[in-house]
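What follows is a short report on a single structure.
Chain IDs A, B and C follow the sequence of writing; residue 1 opens each chain.
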Amino acid sequence: MSLRDFGPNELMFLIMATRWTIVLALIAFAGGGVIGLIVAAFRVAPLPPLRWLAAGYIQFFMGTPILIQLFMAYYGSSLLGFRPDPWAAAAVTFSLNGGAFFGEIFRGSIDAVPKGQWEASTALGFRFLPTLRLVILPQATKLMLPPTVGFMVQIVKTTSVASLIGLTELARAATQVNTVTFQPVVVFGTVSAIYFMLCWPLSLYAGYLERKVGQGLQVKTRRPLLLAS
Amino acid sequence: MQTALQFGPVFIHLDTLLMGVVQTIQLAVLSILFGTVIGTLGAIGRSFGPRWVSWPIAAYVELIRNTPLLIQLYFVFFSLPMLGLKLSSNSAAILALSIHLGAYATEILRAGVESVPVGQIEAAKSLGLKGYHIIRHVILVPAVRAVYPALSAQFILQLMGTSIVGAIAAEELTAIANNLVMQTFRSFEVYIVIAVIYFVLVQAASLIFAGLSRLLFRWKT
Amino acid sequence: MPNKLKLVLAGLAVALVAMLPAAASAQTVDEIIARGKLIVAVDTTTPPYGFLDADLKPTGFDIEVATKMGEALGVPVEFVTVTSPGRIPSLLTKQVDVVISIFSITAARAIQIDYSIPYAGQSAVVIAPKSTAISSHADLVGKKVGLTRGTGEDGLLTAAAEANPGIEILRFDDYSSLLQAMVSGQIDAMGGGDYGEIYLKKAQNGDDFEQKYVLKTFYFGIGVAKGNDNLRQWLNTWLFTLKMDGTLEALSMKYRNQPLPALPVF
């Protein structure tokens, strides 16, 4: 075995591993988004048991560390007869976890839609689900966008935790490359830069969306120029 | 092969787990304290400081908030020694966690600071108060009160963030749980118990923060 | 249910099923040959048994043993990377056919899985810089000792720490973090395999590392799912031939720069 300097080969390896980070993030986004819609629908449903179920689900997934959820999925599913590998465990965990966070985000924006809309819809004879689908969600969508994009940044960063169950994404590739180069400053510095390039544009976009949504709702406050004068 | 859940082997080691809880709380409390101090200084520097102060602070915030905590942990623990600074696992964990929270706290508190009506500050100036006093008496408390929900939510996230410091060999609840799994081979049972413990910790923390807010922000605006 | 919702749920179900790995449960020799590939669990962060070469492909003692196993069966090998704690679960869930990943033979593990006869062995040792004087557990008092969680060294050094208060144990999740900590000077000594210091020597330009004292000799076996006597018997036969024709010894010199200890059988 040879120790090498961090060079183009190693950089390429890191970039290739970034693919898996992106794939995992997209799975979390898609899976979490779908589950989140269902959870949000339950959260505002007219049936109390559904509301409690959703509330409990959200509390559990938001109130325990995602690493523990990952461990439970990875090591524990043999009890239930499933056969996870790190990928399946990570995909399921991130989707369920994302579902809780998205559920809260979607519910928040659903709640922001004026109650009058629900009442008018009922008066027109619509039941719960069609109301949600045709009347409320379209209006809530604009409000959901900034926190959803903001949460995407969280998802990308959280994929790094999947390295701790052996999934080969960017963070794990970082430790692997470090083992053959022993140049942690360069390796982790480069990896930080890659994550930054993935996340920062999303963060900026989320900020932009937030400003666009907030334009009609807020008056800008002036920053005082100097404290001492 | 485990076909039935057996919690017995886990409960025997409850004392070890409790030690882990203590260590987790220590990490969380210390990093929250330091992180909030960093955040306060950062928010003030960002909002009121000259360009050569506010710009590096903004860069620090963007850098930390757009990179994973795990990488920040690795960097502090493995890279700093190469640059001369060797810290123990726990110290490195506290440092990285504090720097991490500091960035988020800076942003949150900055929003709070900027939400204080300009009129308040102008009134304070017209009364002859100088910078430091204005910050301390006029800005700080309303700013914190304004963003208290966001801030305490971030603190709770910090508590859960402590679960990954085992990656640099710091000891806290999750790392101890992993040790226990190695010993007893009862992975699912151990993690269920750990999940419950974290859940209880989070609920307790939420209650504490709610109580604190009633204590601190007794008067109306 | 609205049609669109049905579509979405169907898509989700398909995606979930697609994520379940394809029938990995072929386990006997015939089934593996019929399936057309051999699935082996390895760890690429444990040099010189499993690591990445200059082209960042898996290589090492364990990897070569796995490759030869595939050749003997006449099927290609599919490598699945696992971490140290993930080895037993990968067999329990029949995710892989065998585990070849510095899998020390212990009675506790043998409750959950079965082992082949040893194909390699090494001593777990304490490694530290040449300049540090350590010759027994007592010398570790007041020092920071690193190890990989769940390994043989973990059990032994933890017991030593309980017997000699003042030893600070740092548990890392994987071997590469442990090595890095040693190189950075974050720990004063480490528990590892007896090849460790060769590797570390190349890493640190300054101080040389050396083995201080032996903790225990471990033997590595190929792990199979419990009850898989069919595969295990074939493995024992095959490993016997590898021992007799000197293949294992050659691999040991190639990757570990030292001969194998005597490999007893059971």
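Simple rule for what comes next: contacts are C-beta pairs under 8 Å (C-beta built on N, C-alpha and C of every residue); 3 or more make two chains touch, one makes a residue touch a chain.
No experiment lies behind these values; they were computed from the predicted model shown.
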item: Touch-based graph of the chains, sorted into line, ring, star, complete or other; value: complete
item: Chain at maximum distance from subunit B, centres defined as averaged CA atoms; value: C
item: Inter-centroid spacing, subunit C versus subunit B (mean Cα positions, whole Å); value: 36
item: Subunit A and subunit C, separation of their C-alpha mean positions in angstrom; value: 34
item: Between subunit A and subunit B, centroid-to-centroid distance (C-alpha), Å; value: 20
item: Multi-partner residues of subunit B (each touching 2 or more other chains); value: 78, 82, 167, 178, 181, 187
item: Shared-contact residues (touching 2 or more other chains) in subunit C; value: 85, 89, 92, 173, 177, 180, 184
item: For subunit A, residues contacting two or more additional chains; value: 75, 164, 175, 178, 184
item: Touching residues on subunit C, where the partner in the complex is subunit B; value: 85, 88-89, 92, 108, 111-112, 144, 146, 149-150, 154, 170-173, 177, 180-181, 184-186, 226
item: List of subunit B residues in touch with subunit A within their complex; value: 2-3, 5, 47-48, 62-63, 65-72, 74-75, 78-79, 82-83, 114-115, 117-118, 121-122, 125, 130-131, 134-135, 160-161, 163-164, 167, 174, 177-178, 181, 187-188, 191-192, 194-195, 198-199, 202-203
item: Partner subunit C, residues of subunit B touching it in the complex; value: 1, 77-78, 81-82, 86-89, 166-169, 171, 175, 178-179, 181-182, 185, 187
item: Partner subunit B, residues of subunit A touching it in the complex; value: 59-60, 63-69, 71-72, 75-76, 79, 153, 157-161, 163-164, 171, 174-175, 178, 184-185, 188-189, 191-192, 195-196, 199-200, 203, 221-224, 226-229
item: Residue ranges of subunit A in contact with subunit C within the complex; value: 1-4, 9-10, 13, 31, 34, 74-75, 77-78, 82-88, 91-92, 129, 133, 164-166, 168, 175-176, 178-180, 182, 184
